[in-house]
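Some structures are shown below for you to check.
Shared between the two complexes below is chain A, which pairs with chain B and chain C, respectively.
Showing the complex of A and B:
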């Protein structure tokens, strides 16, 4: 439980850094893309690559580019919380 | 008159060596009068793989096989793990390795090979590097291939850097044979060994690849260890970048740099660099036509291959070959900026991988780079970059900042990997 929380906070921090705005408060409900989204498409790619590297440190492969990832990509990239949940659920399934 | 007789006549009375191999200066007469291996089992029209190098025995076997009107598949030990695939694809009947002939039984036929047999012409099978799939087997009519060498042309003392299984290597061999030049076989294809050989045997021409030249720059031997006998350095088989060429031209002001342009599918195509420091070149020659369609170079050549043995014909109905090379055109000269497959598309914005490589090579301490596209579900593709630095003082974060300053955001590599850039046996980036 503690690890999950730590990971979430780490991901929120990464998002904040990518958005280049330290005053931001990133939480579960923060929109990543769309009208109120924090990140443009290139930043979102960078975020996913950072998650890929983080997953590799933990010992699993974070899949965001396969066909199955593509089919659920809309939902998974919508909010910071949705992306964290996807990351954690892949981690639990693969480790 | 067969080929060996014809060449013997040309070389008659000449005392100059034809080949310098393992410190020996060997005349054409010495090559042609070596004890020949028994080829009596091999009949005209057979497909024969020869595993060799530019040594006296392999050269004589090659000439003997041409006179026997067989279809020759020249191979080297460097590709040993692929030989079985090459034998099967080229429908090889005999393999000659280390002077030993062995038979391979199969009951396969191929229309293109049958057409050569019907004409009683010798053939030549060359394999592509296979960067986009398995190597393709390229079949040429050897009789037509050799015709171009009938026109006398000047020769210089040339290192045969390119290998026995490469159209450039075969071209250097025949050019020198027909024009009574001197070909120098390198002992090893390392920077040190090549330069030592150049100096020892007063080589005037060094044909190389851009990767080899980059390795030469990286090893710090330029300009001190470049012998003064070297007049011309040619480069081809892969795309050259401007920073490397500029650096070479600056460090070696007395050397002529020439770009070559060859495609095994088209035979040898004549290319002439517009200037020693220019990547623009005129492409043409007898029986060669060029045109550009959607920025891609297309070529029509009378010396083209008969076809692939393991893939459909790449020529259109009018005989045009799509080179897949993306080019810029200036006053009728072409500059290759990349391959069609090197076009990266990030969220609909297209650019060449070479544009990123060119900038990255400008960063101090970077010696080899490879930019490539990775698929993703957000922008379709993004760029990743492999970097090989010259020493441990290289700082990835500084390179990232340097690239950020010079590249548009969509062109910025989203991941930079520091590792050795892989090089194949033909001294090209894999």
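Showing the complex of A and C:
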């Protein structure tokens, strides 16, 4: 539980850094893409690559191209919370 | 590393051999890679899962991918009305979907370096609308459209995406085309000459070279149209 919370905060912090706005409050509901989205396509890819590296440190492969990750109405990139949940769910399935 | 699909024969094979002779590290992808004299892996490009397995291995080994050459392709020279449904599906699955899947899956490995060159293969049949090649031309027109749009998507990451569109190069894809038909096609090129696979390998070298950094989203017609 503690690890999950720590990971979520790490991911939120990464998103905040990529958005280059220190005043920003990133939470579960923060939109990543779309009209109100924080990240452009380049930043989104950078986020995925950062998460790949983090997953590798933890000991699993983060797959951001899978059908299940991409589906569910624009998939894991809808919100910061959806992305965290996908990352954690892949971690739990693979470790 | 440079990945080349369709590595077991035709243009793919010649390209692999050329790049190896120029000291590139090459991984060939083929449905039947047995006895290939260079590193290769069995993979059907029309299978997303096959390609994904190759990509996962590259990621696991932290391979730096500098180039992707999608040379895998099949053809069936026939009138559309006499082409069986399964043949049409195979052509679209291998030529168009195979290229799309390969780009979708390998590009993320290249994104990490913010550099690279992707080379897809079209055909002169698209520009000339060649009779008897409608399904093949449709699949390759799709590759051209995909490549132009994909080039824009990749531009921010400093990855070039271009197409080479050969005329009647002497490979197994020409099986079933008469010399008269080849002459007719060649006569429609700007440079009226049948080129060989080595010419295509020359263009591949150019597109992999940093000196072609200003070229992306282009279709290079061998012989010109």
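By definition in this document, the second predicted complex is superposed on the first by the 87 of 95 C-alpha atoms of A that agree within 3 Å, B and C clash if a C-alpha of one lies under 4 Å from a C-alpha of the other, contacts with A are read in each partner's own complex, and residues count from 1 in each chain.
We adopt the following convention: a residue touches a chain if its C-beta (ideal position, glycine included) is under 8 Å from a C-beta of that chain, and two chains touch if they have at least 3 such contacts.
What you are looking at is a predicted structure, and each value in this text was computed from that prediction instead of being measured.
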{"item": "Partner chain(s) touched by A:77 [first = chain B, second = chain C, both, neither]", "value": "first"}
{"item": "Touching partner for A:65 - first (chain B), second (chain C), both, neither", "value": "both"}
{"item": "Touched partner set for A:26, first chain B, second chain C, both or neither", "value": "neither"}
{"item": "Chain B versus chain C as contact partner of A:15, first or second or both or neither", "value": "neither"}
{"item": "Partner with the higher number of touched chain A residues, chain C or chain B", "value": "B"}
{"item": "Which superposed partner A:42 touches (first chain B, second chain C, both, neither)", "value": "both"}
{"item": "Where chain A meets both chain C and chain B, residue numbers", "value": "41-42, 45, 48-49, 64-65"}
{"item": "Chain C partner contacts - residues on chain A that touch it in the complex", "value": "41-42, 45, 48-49, 52, 61, 64-65"}
{"item": "For the chain C and chain A complex, residues of the former touching the latter", "value": "52, 56, 59-60, 104-105, 108, 111-112, 153, 156-157"}
{"item": "Residue numbers on chain B that touch chain A, as the complex places them", "value": "346-347, 374-379, 382, 409-410, 412, 414-415"}
{"item": "Contacting residues of chain A [partner chain B, same complex]", "value": "41-42, 44-46, 48-49, 64-65, 69-70, 73, 77"}
